[in-house]
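Each of the next two complexes has chain A plus one more chain, namely chain B in the first and chain C in the second.
Coming up: the complex of A and B.
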C-alpha cells in the first residue's frame, strides 16, 4: 500500500502523512490506561480469587451473606434516591440558570462552584452540625413551634441523602445547564403557537430535548454515589452502611484484601454495566448537540 | 490536615530522592493532637540527641503498611498502631523483631511488650458524660446500657476493636476475669437492647463533638478526649469504673530501610522522660513505669494508670487471633 500506479504506469510514492489515528496514535493513551487502571484492577481481581485461599470463596461469602447483600442493596437504594432527588432539584435550577439574565447566572454559578471547591469533609461536618438533634434546623423548627420533639435528621438515611444530594447537585446542574442552554427557545414558542399548554411544552418538548443531559448527569451522580465514602460514613447510621465503607474496612482495618478486592470488583462490574446501558440508549446522542 | 499533607509530601520526596539515607527516618502515626504531642515529646529530643531527622507521616493505614511490606518499598520506619493489630501483624511476618539490646524493656509495663512491639501510650475506654446536659451521669457500664434510668442517645466506638463488646458483657454482668474468650452472641444480645439509642463515633473528634453538643450526652470514649473536653470549659464527668484499657504500639515494618535508627527511636520514645512528656499533653498514660514520678500529681491523677482499682485489660492476644472473625460478626450486626 505504499505505492500506486497511474494509467501511464509511472510509480509514484504516496506522500507520507503522519496521522494521529490508527493503532500507533492511541498507544500512549492505552499505556496510560493500562498502567494506571488495568494493572491495578487485574491485581485486585487476582487477590480476590487468591487470598486468603485460592478459589471463589470471597465471592461466595459476599453473595451468600445477607449482611453484604444488604450493604449492596443499601448502596443502590441510597444512590438511586440521591440521583432522583438531585434531578428533581437540579432540573429547575439548570432551567432557571439557562433563562436568567447573565449577571444573576454568574452569581449562582459562583455559589455552585465555590461549594464544589470547599473541602468535602468540612461541608460534611457542617451538615452534621446543622442536622443533629441539638442542631440549628431542629432548634429553629422547635422554636417556631412546628415540632415538639427533635427530628432524626442525621445518622440515618435522611442525613446521608441530604448530605450527598447537596454534594452531587453541581454535577447534575452543570451538564443539564449545557444542554438546556442549547435548546432553541423558538422551539418552545413554536410549541406554544401550535397550541401546547405549559405542561405539554415541558413534557413533550423541553424534557425530551434535555434528555441526553439528564441521562448523562443522572448516570454520573449515580455512579459517583455508588462509590461514596466520607459522607455516608459521617452522616449515616450503621444500618445503612454503603459499600465503599465496607471496602475501606476490609482493606485498611481488617487487612482482608481478598474480600475487599471482591467487593470492589463487583462494584466496578456494576458500574461498567450501567455505563454500557447508558451508551446503548444515549450513546448516539451527543449531549449538548441537537 | 494541611501539615499532614505537607509531611506526606516531604516523606514522599525523601523516599524518592534519598532511599535508606542514614540521617533521617519516617514516623507514622494517627495525626491530630496526639501526633503533634509525639513529635514534641519524642521526635524533637531524638533529633537533638542523634542528629537523625524524623519525618512525620500518616495517618497510619494498615492496608498501606501491608502494601509497603509486600512490595518491599517500605517508607515507614516506626509506626504507631493499635495493640491487637501489632500482635496480628507480628505473627503474620510483617514486622521486624525489636532489638531489646537497644530498647530497655526492664522499665516497660510488661502488658504492652511483645517480640514485635512495645506500647506507645495507653488509654482507657471510660464513661464520659456532659454533666450540663443531663440530670445524672451514668457511672457503670450497666448504667450506660440502662435506657430507663438514663434515657437518651449514647455514643460508642463504631469500628470492630477492643472496647464495646467488653463493655456490653460487663454491663450484662460478666465478671471482668471471665471476659475472654468473648461471648459474642451474648454481647450482641445486650447491644441489641440499646441499638436504636446508639450514635456511633468513628474518630476521637467526633466523640467530643457528640458529647459537647449533647447530641449524645454520654457514652464510651477514649479518656484523653475527656481531658481535652474538660479543658474547653464544658462540665464533663468521667467515670473510671471498670475502665477498659488498650494500648497503642510502636512497630517497625519488615524491610524498613532504617532499622537501626528505628530501634533507637523506639528506645527513646519509651524511656521515662519522653513518656511522661507525652502523657502530660495527651492525657494518655505512659507505659514506662518510671514516668509517673516525673509528673506532677495533678496530671498523674487523671491518667489511666492511676485508675487500676477496677481496671479491665482488653486481651490483645485474643483480639489478634480473632480480629477477622469478630469484625465479620460486628459489621453483620451493625448493618442488621
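Coming up: the complex of A and C.
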C-alpha cells in the first residue's frame, strides 16, 4: 500500500490504530464450518456423556469390556505394524527415488501418484480378490512351492495389514523423498573422506539426517491408520473389528449414540494428541487420505 | 557416495530391486482389476479363460449403476464450484487480512483434513437426521464440501501468497476498480491454484465413501456407495468394471492436471 500512495503522490493519513481487515472474507467459511463441522462433532461428543444417563458410564463400559479392549488392541497393533512395514519399505524406495536417474524416477512417481489417487474402494476390492483362498497371491505362492495349503490372507488382520500398507506407502515415500533430497551429499563425502565405510555412512550420517522425516512420516501413517474405516471393514471380516468400524456399528446397527460418541471421542483424542506431537516436533506437514 | 547412484556399488541393485518391486506392488491391484473387468470368468479367475465386454454390458444395462454415477457426478460438480468460490473468498481473507485469531481460524478450516472421517460421518449423520437433511442431495453436498474445502483453501492460499500484490495495486493505479483488478489481474495469476483446488475438490467428492455411506438413502446413493453395497454381497466382476471406470477417470484427471501445469508454466 505504501508504494501505492507514494507513486500516486497522494499521502493518505495513516490510521493510528490498525483496524482489522479482511475478516468479512472468512465469515461465510466460518459460518459453514461452524454449523456443519464444529456443532455436529460437539453434539456427538456431548451425547457420549449425556446418553442414556448423564455421567461417564459409556466410558466405563468401553474400558471395562474385553470385547472393546480387543478392538482397541487390534487397532493399535495393525496401525503399528502398518507403520513399521511402510517405513521399512518406504525408506529404501525414497532413497532410490532421490538419487536415481531421471526417466525411471518420473515413471515411479507417476505410479505412486496413480495409486494414491485411484479410488480407495477399487483398490481394496482388488486386494479382496487377490488375497482370497483361490486368489492370485495364494496361487503364485503354491505354484512356487512355498506353501502346500492356501494361506488365509483375507478376513483377518493379515489382510487388513497388507491392504493398509499398500494404501499408506505413498504417504510415507513422498515426505521421505523430500527429506532425503534435501540432504547435502557433501556431508556423506566428508564422512567417507574421514574413513567411514559405507555401512557407517548409512547408520551414522544418512539415517540420523533422515530421522526427523522418518518420525514425522511414521506418525502420520500411524494416525491415519488408526481412523481408517473402509479397508479394515472389507478386508478384516466381522470378527476382527477396528475402532472406526466400532463407531460406525454403535451408530448404524445398535443406534447407541452414547457409546458411539464415547468411542469417537477416544479416537479423536488419540488422533489430535498425536498430531499435536507432530506439530510440536516436526512442524506442519500436509496430511491426506481417508 | 550414498547419495550418488553410480557410486553405490552393489547396493544400488538392492535399492533398485526394492523400488521396482514396490512399484509393481503399487501397480498390481490397478492392472489386475482392469484386466479382470474384461475377463470372462464369473469367479474372477486369473488369468481369465477368455475376454468379454459382458460386465460392462451389465453395468450399463442396470439403471441403478448409471443413476448412482450421475448422482456422484452431480454432487462432485456442485461441490467443486462451491468449494472453489468459498475457498477463494476465504483465502483472500486469510492471506490479505489482518485480524485477531487469523492463524487459529486457518487451523480450524483445515481440521476436517486430519479428523478421522468416520467421526465426521457419524456426527453429520446424527445432525442431518435431526434437521431433516439425511438422504438428500443438499446433505451430500454439504458433507462433501466440509471435506473438500480444506484442500481448496490450501491450494488457493498458497497461490495467493506467491502473488505479488503490488501488481494488483498497479492495475488500480492505472484506472481499474479494485474488483476489476482482482478479476482481470489477480485471478489469472493464481489460476493454477484455482485449478488444483477444483481438481482436489472434485476428486475428494467423487471418491468419497465413508461419509457417503452414512448420507445415502435407498433412493439416493453415489457410485462408491453402490460399489460398497455390492461388495458386501458378492465379488461380482461388474464391480471390477465399475472400478475400472473410476480408475480411468482418475487417470484422465491426472493427465489433465499434468497438461494444464505444463501450459500454465509456459
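Quick notes on this one:
Note that the second predicted complex is superposed on the first by the 231 of 290 C-alpha atoms of A that agree within 3 Å, B and C clash if a C-alpha of one lies under 4 Å from a C-alpha of the other, contacts with A are read in each partner's own complex, and residues count from 1 in each chain.
By definition in this document, a residue touches a chain if its C-beta (ideal position, glycine included) is under 8 Å from a C-beta of that chain, and two chains touch if they have at least 3 such contacts.
Please read all numbers here as calculations on a predicted model, not as lab measurements.
A simple residue count on chain A separates chain B from chain C, and the partner touching more is C. In the overlay built on the shared chain, the residue A:234 is in contact with chain B and with chain C.
In the superposition on chain A, A:264 makes contact with chain C only, while chain B stays out of contact range. In the superposition on chain A, A:175 makes contact with neither chain B nor chain C. Contacts of A:65 after superposition: chain B is touched, whereas chain C is not reached. Within the superposed three-chain model, A:251 lies in touch with chain B and with chain C [touch as defined at top].
Within chain A, the residues touched by chain B in the first complex and by chain C in the second are 128-129, 132, 134-135, 234, 251-252, 257. Against chain A, in their complex, chain C makes its touches with residues 1-5, 8-9, 11, 14-16, 18-19, 22-23, 25-30, 32-33, 36, 43-46, 86, 89-90, 92-94, 96-100, 105, 108-109, 111-127, 142-143, 145-146, 149, 153-154, 166, 169, 172-173, 203, 207-210, 213-214, 224, 227-228, 231, 235, 239-240, 243-244, 246-247, 250-251, 253-254.
Remark: chain A residues 1, 3-4, 7-8, 18, 20-30, 32-33, 36-41, 43-44, 47, 89, 92-93, 95-101, 107-108, 111-115, 117-123, 125-130, 132, 134-136, 139, 166, 169-170, 173, 180, 183, 185, 188-189, 192, 198, 201-202, 205-206, 223, 226-227, 229-230, 234, 244, 247-248, 251-252, 257, 260, 264, 267-268, 271-272, 275, 286-288, 290 touch chain C in the complex. Those residues of chain B lying in contact with chain A across their complex are 61-64, 66, 153, 158-160, 199-200, 202, 206, 209, 213-215, 323-324, 327, 331-332, 334-336. Of all residues in chain A, those touching chain B in their complex are 65, 67, 70-71, 74, 128-129, 132-135, 155, 233-234, 237-239, 241, 246, 249, 251-257.
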